[in-house]
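Right, I'll just put the structure down here and ask away after.
Every chain is named by a letter (A, B, C and D) in the order it is written, and numbering of its residues begins at 1.
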């Protein structure tokens, strides 16, 4: 029998995250699905996007004939600057991050554990040249960490786990997880389910999750 | 019998220091006689004056009708900015100092010892509210420390001493001392006399000095 | 209802709202340049007491910081240069023994606040090694050289003087009026700014904004006339 | 003979003079933005080898940093993001085992160089606590929170891309091309700059100079055409 529910697309996941970001927040978006979140914040809503390569007030991608190679985001894609935006150097940019001035950082991940640990930079201890970028600084410094990722790997292995098996990015920092199946808060009791795609039952979700889920 | 020599004036001491500063150096000038040094650097000689309150390229005092209360030096006197000058905040200003980027700092002092220790911020351990300002940062950070001061106190007590009795500003950092009687280098052998005012003998100078002097 | 970001407040009372007794106040300025004089008056009016004031100087004359001291509203001063021409009130109050004083080298003072703003709890420096101001502090030898460990110095409130501000709280400063202001803006939970000019969002050159609005909570417009163009 | 300060050099050979084998090179740029491409070509031509390169990335394509790697001139790479789209040469060379690699979180990398430039030998940070990248590093509990101690990262040479420069070495940058460049300019003994525009002394707004000339040793003019005004 076919599943009676439809997992969310990457764009839908990004839109779901965007909906939950209050106006006025300073937000850093990681590479991958998190970057898409910016496209789903309406232009008239003032959410200030920070990019760790020295930009506050990142705007949408430019028209193809207006690309400035000197204006890219952390994912190295061309962007624009909103009125009120500013530029600064890398140490100042990470002072903003590490000093706790960013309200929210949305990151991708390989695994999140029920205690808020997460792993997003190396898929094994044998990965000798993993690319950490600014993930550890953001994870340790932002006021809130939300993770957005597929609920399971392509092979169906759960990503919401009891204990991360991949090398950690930071310990105990994840506050919320958005997957293509559900939205979950990380609490002292572990993962609490806040929302699920239509047609999905808590039991269906638990079947795809290693960590024990708590009904919201 | 009257002394057969004339001690230098404060202005003459400042001029003597100015003569020894090579073009192209970045120089911080302390409060008092050191500040006067700037007046004796000819305008066409490019010595870049740093002021720890966030200025590089300090120029001469402005005309009375052109004083800008927002442009003062570390001694809180109105100044101007030379073409090529720049402004920065206090942490950046002291990064320049503490990072070893200032070629020379000229400071006043109460006492200098033959090992390069000096004292310029508190006249006794019982002075409960001494004003240290940026002296310790400059003393620890600049590439060279020159001290300019009267050779003795008003009461005739020597300021070039064996061991400083006043609380120290920094240890072993003074490279040269300009007094109203002589110019002395601080070396592994102690104070080496490089220059004296006309008519003064080494013996006269030693009489006014606690530390043992070495002929230059 | 508009929910855009607007940090401009309409009154001094609104700017000062909620500063609690016992707060640590980071006070911008070096001498008279870049000192948030109007905010100091606002703080005197507002009434908070038992304050710790972090500033380069300890006030001159009888107004502003000196007035706070005279009113007995300051428990502790952390500064680099307490005694200077005109610091009469500080000297009077200090002599009574009712004021705690912590002398900090100027660069260490700036760096301790920058560290607080940047999430760095402690750092090492050469400054003050072997002197009275290093007493009681950890000294550590790194690669053969001794350094003093210094701790971050965060504030509850920063009072900042800026030249231009927009409604996002982006700031520029004027000349040497910049001094401690940008560092203090980073280091406080509540950063309150007096600005000579309020400009439209987008009017400031994004390359020339010194303090991005992320560090700023409230801006009050205090126009007091342009100085001569020196 | 004029003895005014003039840091503008007339040729790339002059810009690169004296870089020794074994040097630690701080290489500005984040992706392609703000990367001193012409200086990298100059370094390839100049011939120094056994280099340590500090950069955010480990090169892409076959030119510049990647070319240096391919030529076997790099002994060690210190970076935050070695493997990215197009880092083919890095991956080839790394697989041979002839390249040392130190992965540093991006913010820690920037702060370690800022510390080197500011005379701070070591500092503490939350970043990487409890992770593989903190292994072998001192962990210290300060006020109940664990922090990792990180060491300053100085360079022998910094290669910097600037937008405007004057003969004193004052620099501005363009947009996100700023990135690591000002921090690296502070942290090296010899800071070499390629600038798109050389302007007269006094032409830069003193409020808008990002890197004061005190940090700069040599500037070479590399005009490569203005980008579209985005």
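In this text, contacts are C-beta pairs under 8 Å (C-beta built on N, C-alpha and C of every residue); 3 or more make two chains touch, one makes a residue touch a chain.
Worth saying up front: this structure is predicted, and the values here are computed from it rather than measured.
Chains that count as touching both subunit A and subunit C, per the definition above, are D. Between the interfaces B-C and B-D, more contacting C-beta pairs are found at B-C. Between subunit A and subunit D, the centres computed from C-alpha atoms are 29 Å apart. Remark: subunit B and subunit D have CA centroids separated by 35 Å (rounded to whole angstrom).
Note: centroid distance subunit A to subunit B, computed from Cα atoms, is 55 Å.
Contacts with at least two other chains are made by residues 111, 114, 118-120, 125-126, 173, 175, 206-207, 210 of subunit C. Of all residues in subunit A, those that touch two or more other chains are 81, 87-88, 91, 94, 97-98, 140-141.
Pairwise, the chains that make contact are A-C, A-D, B-C, B-D, C-D. For subunit B in complex with subunit D, the touching residues are 23-24, 26, 45-46, 48, 50, 56-57, 81, 83-88, 91, 94-102, 140-141. Interface residues of subunit B, counted against subunit C in their complex, comprise 51-55, 62, 65-73, 76, 78, 80-81, 87-91, 93-94, 97-98, 122, 125, 128-137, 140-141, 167-171. Within the complex formed with subunit C, the subunit D residues making contact are 111, 115, 118-126, 142-143, 145, 147, 151, 172-173, 175, 205-208, 210.
Touching subunit B in their complex are the following residues of subunit D: 3-5, 114, 116-120, 166-168, 170, 186, 201-202, 204, 206-207, 209, 212-215.
In the complex of the two chains, the subunit D residues touching subunit A come out as 30-34, 80-84, 90-91, 94, 101, 103-108, 110-111, 113-114, 125-133, 173-183, 210, 227-230.
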